[in-house]
Amino acid sequence: MSAATIVTLPDQSTARIPKMNFLTKENGLLSWLLTGDHKRIATLYLISITFFFFIGGALAGLIRLELLTPQSDLMAADTYNKVFTMHGVIMVFFFLVPSVPATIGNFLIPMMVGAKDLALPKVNLLSWYLYVVAGFMAIYTMASGGVDTGWTFTTPLSTHYLNTHVISTGLAIFVAGFSSIFTGLNFIVTIHKMRCPGMTWFRLPLFVWSNYAASILMVLGTPVLAITLVLIVLERTVGIGVFDPAKGGDPLLFQHLFWFYSHPAVYIMILPGMGVISEVVSTFSRKRVFGYTAVAFSSVAIAVFGFFVWAHHMFIMGISNYAVLVFSLLTMLVAVPSAIKIFNWAFTLYKGSITFETPMLYAFGFMGLFTIGGLTGVFLGASGTDIHLTETYFIVAHFHFVMVGGMLMAFLSGIHFWWPKWTGRMYPEKISQLAAVVTFIGFNFTFFPQFILGMLGMPRRYAAYPPEFQVLNVFSTAGASILGVGYLLPIIYLTWSLKYGAIAGNNPWQATGLEWQTQSPPLTENFPEIPIMDHEAYDYEWLEAQQRKEVASV
Amino acid sequence: MSDSTVTAQETAGSAQAHHGEHPPYQRHHFESVEQQFDTTNFAMWLFLLTEVMFFGGLFMAYLLMRNWYYPAFVEASHQLNIGWGTANTAVLISSSFTMAMGVYSAEMRRKGALVFFLVLTFILGLAFLGIKSIEYSEKWEKFHIPGIRYSTSAFTNPQSDPEVYKEYHDKPLPPDMASKTELYFFLYFAMTGMHALHMIIGIAILGFMIFRAKNDAYTTGHVTFVENFGLYWHFVDIIWIFLFPLLYLISRY
Amino acid sequence: MNQISPVLWQFLVKWMTNFSLFPPEASKIAPQMDALFFFMVLVSLIGLTLVVLLLVSFSILYHKNRNPVATQIEGSTLLEATWTIIPLGLFLIMFVWGALLYFRIYTPPANAMNIYVVGKQWMWKAEHPGGQHEINSLHIPINQPVQLTIISQDVFHSFSIPAFRVKREAIPGRYTTVWFEATATGTYHLFCTQYCGTNHSQMIGDVVVMTPEDFKQWLATSTSGNSLAQNGERLFSSLSCTACHNTRPDARGPNLTGVYGSHLTLTSGQTITVDDAYLRSAILNPSQHITQGYAPIMPTYQGQISEDGVIALVEYLKHLNTDYRLQQTTNTTELLPEQEGATTPAGKAAPAGEVKQ
Amino acid sequence: MSAANANQGHEQDHEHDSEHHIVGPMVYLSIVLALLFFTGITVWASYIDLGETRLFNTGLTIFWNPVVALAIACTKMVLVVLFFMHVKYSTKLTKLTVLSGLFTFIALIGMTLTDYVSRAWGRW
């Protein structure tokens, strides 16, 4: 990378972390466990989510190790099944869904709309506790022998053919679901009702827009999953089923209800990430996001269309072919808004003044990988190719490109971007840039071969596979180890930076968002007094004017 | 709250205004009581949306199964007692009314009336659950508890259940169809049970509210809680308004 | 070397020997599917390179060193319209193309020979009309459309032949069909791609494509004596279906001669065409399929016949074109003129003559 | 400048703050009577055979009793929502929220039915 940077730090010799901030306000464990402060709750979330991310990651490591050789030699088949099931459950419901919204979103949305806190602080805390309870249930499941349904709980397998801990897992997800419902509800209300004077809808940062869209999906989609899981549990306990073909039920009904949530869920996962990218790209190219309205509305469009495409997970499951037509068509439509976003971000760079701090590197990684992930999604949305590609490693590669390559990149980008605001200290730039590059390389090594494996027809969820697939699997595993390093590095240096990082000051990135106009770490009340939004989002002229004023006043 | 007239101007204005004499029930992060009321009210509505979708899955299942196994669902539903059902509907609707009146008297700051109506709602809610339990126990006696205590004899041989038979003169169902009646009762218990659960939660909250209403909690201009609970209660009422015809009535012919 | 790292060694050996990057195209549909696949790959590559090109060139052109001050731009409706319309157009092309392909893959030709496949934890069981059973393997002739009628006995499975580019879910309680026409002899992978429990990854097999002669020979050698239809016939009488389904004028059940492919009017008033799926559910859930003019007295056979048994019965009824056998089984001597005027369409009779050599 | 923006910032959300409408007892009373009346109607209607209409060449048959019963149920719902739940007097936002709920519910039912209904059409 070049020397050019926008980072402007205060004079380290004199600079101090402000004595009064949300971290130092009160001390003691209780002041954290009973807090209503969205920033503290976000911090709690960040810790718990990182914890689960590494559990899920460790499981992923086991999976890759097992797949190093064609035979199932590292672990027995049923162990392998439990491992990938828990990997799926933990990564989806305990990392991806809450990742950006519950941590970064929780921390920023009130500040971005210029409010003192989320609309319902207690509910916010409740949703964290629900998350923790669900987390314990999930861990209990693992400790007591695990579950091997796959995270999709396909009936009748999950209801009548397995004697693992399906119920506790189901309930764990049920509780986690309500945690995310409450988060989403809180966001929507906050964004509608808590905006500071002058903060019109079209002055909101795009991060808020995309979280708003995701929240709508959380609120309206998750309950359907909840009731579906309730029915699963009832079917296992009381033992009569609307999902059991032997009793006259219909297993496809389960698929419909399950995917009615679980397809929008992937938008719950990706939309907030897109929000992060909008912020980062704009900041590091010193430029208003190209076509603000288009990007904003494309988020909402994704949210709305997202409810009408779920059956594309069932093309070969014997749903009516007319339904296949309808859903395939709608799937193609939902692909468009994502394309719009990508190009808008690309053109945000146009005539910008670009620098490459770590968040920007991650953002670039996102744009590249998400483009691949999105386009391969079209392969699966087109009914004809779906027949061959679905249920193979192609689909695995596809959603890992979107989730890991897209969402996780965005998450890390956001963490680095707002780290100075969160902790008041900078992360070490060079090593973090290295981490970003390592992650990108490792990621491609890991998941690109899986596209080829998928085209070759290697089925997913196989503990053992025909020998001719081994070379690519070895590649994949090798890449995974690099990827692992890429994810461990941030933990290390971010923790390090908590104590030794350079003092960041209010606005190290020269960014325009309201959150940057207050001290970092912020006050518990976010702002000394409620700000008044008197300029558009991403208005860099305004920022410069401000700074000139300050300089003059000093 | 009725008399307060805050306009957009003031709400916005109060932003800069110092955080002065707030009423005790206003939370620190709100700019005004109005904003707080709006916000919590909107939040309640959103919560009701999730509730709608929560029941949505059950309605979908019912719709599908009923169309697949029509005869079974018809005859199974004949086992329900329209009398009890109607009574319950009436009870629940009137409880909705008393709840609405409760909200009104809270807005009017009439403590006595508020407590009175809340207690009335409380009683009506209990009445509903009472009737429901009578119906459930009936099912238990008739071996219509799916999965636990079930027999299809009433459908393979309707005469075995004279009082239902003399009313409907059901033809005996062939065994494979009769076995599908269990699906009906499963959905019946799932839906009414889920509804009853909401009722129980509601009643518990009501008890808490009555207690607090006695200490002027809601009659000093802060009706938000009562109002929002009202929304919840009416929603539960609406669910029943649909369950009643779906489960009891539409299969009479 | 081997001491240093077995994995690396193995890896190198594999690299030299069998390392495939693209699956064989062994069916008629495969090239068509690949055509669409490569079209999509092409589009994706173009799209990706476009994005990357934009990103890279902008990052160079407008790097802070080169362009210290950014020029603010609102956006451009024209540009945005372009990258809304063009992707949409491309996606719609893919949709139409994909849909056409989809229908081709799931619409078997009339002259396809039918093989039944039962999936159960954790094996595939194929049943040829000639009575040949095979486990975890499927022998088929080359250049001959083959239709699979698939069902699962327990959970969801998925019958996948990558070399043919076909895949179909095996659903409990319902027949699904898929067809293909092999174009190259050889042995190909058969996978279960829907996660189905512990030994999911053991639920694999071989699809053996043979020349017609070899196939005939294989059929001859591996026959179990009597055909699927004959098994069905035996089952038919052993379950004493003939007690009602016979040709006597006082028969309590409809005469099933030539019922396959005929159009029936049910008591519910709807008219249906009799196909495998109908026959199956008529056996297992009779009361939903009562032919008009008959009482709902047939008992259910749910749980009494295995899926294999049902398949045998279906196959038997399929080929029940004349009364002759039925009268044999009902051992009535007097031959009555046929009342129920259900005649079999020629199209359906074809496979019968074909497979019963 | 800021003042002007201050207005436009909040007006869409706070339009009704000025008069938090209170619904009077008479309204509630008439509504509850209407509801009870409709309950009576729907029970009464269920005792009459309203017959059925068969849609040709599809397996679909419209039975009129359910249609009527549900129509009445919907009317009752509308009454409750509009008056007991004050939607009639609420902000556009609340109205929108209610509608979006219905919308998603219909999406769930409707889109799922596209599968089940059309299964009868083809041979799949």
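Observations, loosely collected:
All chains are identified by letter, namely A, B, C and D, in their written order; residue positions are counted from 1 within each chain.
Here is the rule we go by: contacts are C-beta pairs under 8 Å (C-beta built on N, C-alpha and C of every residue); 3 or more make two chains touch, one makes a residue touch a chain.
Just so we're clear, the structure is a prediction, and the values are computed from it rather than from any experiment.
If each chain is reduced to the average of its C-alpha atoms, the one that sits nearest the average of all protein C-alpha atoms is A.
Comparing chain pairs A-C and B-C, the larger number of C-beta contacts belongs to A-C. Chain A and chain D have Cα centroids separated by 35 Å. Averaged C-alpha coordinates put the centre of chain B at 47 Å from the centre of chain C. Centres computed as Cα averages put chain B at a distance of 16 Å from chain D. Among all residues of chain C, those that touch two or more other chains are 106, 176, 285, 302. Under the contact definition stated at the top, the residues of chain B that touch 2 or more other chains are 12, 15, 35, 38, 42, 46, 49, 52-53, 56-57, 60, 64, 69. Each of the following residues of chain D touches two or more other chains: 6, 9-10, 13, 93, 100-101, 104, 108, 112, 116, 124.
Taken together, the chain A residues at the contact with chain C in this complex read 2, 4-6, 68-69, 72, 77-78, 81, 148, 150, 152, 154, 156-157, 161-162, 245-246, 248, 251-252, 285-288, 290-294, 315-318, 321, 324-325, 328-329, 332-333, 335-336, 339-340, 342-344, 346-347, 349-356, 364, 367-368, 371-372, 375-376, 378-379, 381-388, 390-392, 452, 455-457, 459-468, 470-471, 474, 540-541. For chain D in complex with chain B, the touching residues are 3, 6-7, 9-11, 13-15, 17-20, 22-25, 28-29, 31-32, 35-36, 39, 42-43, 45-50, 63, 65-66, 69-70, 72-73, 76-77, 80-81, 83-85, 91, 93-94, 97-98, 100-102, 104-105, 108-109, 112-113, 116. Within the complex, the chain B residues that touch chain D are 1-2, 4-9, 11-13, 15, 34-35, 37-38, 41-42, 45-46, 48-49, 52-53, 56-57, 59-60, 63-64, 67, 82, 86, 89-90, 93-94, 96-97, 99-101, 104, 107-108, 230-231, 234-235, 237-238, 241-242, 244-246, 248-250, 252-253.
Residue ranges on chain A touching chain B, taken from their complex, read 115-117, 119-121, 123, 181, 185-186, 188-189, 192-194, 196-197, 219-224, 226-228, 231, 234, 238-242, 247-250, 253, 256-257, 525, 529-530, 532.
Taken in their complex, chain B has these residues touching chain A: 12, 15-16, 27-29, 31, 35, 38-40, 42-43, 46-47, 49-58, 60-61, 64-65, 68-69, 146-148, 179-180, 182-183, 186-187, 190.
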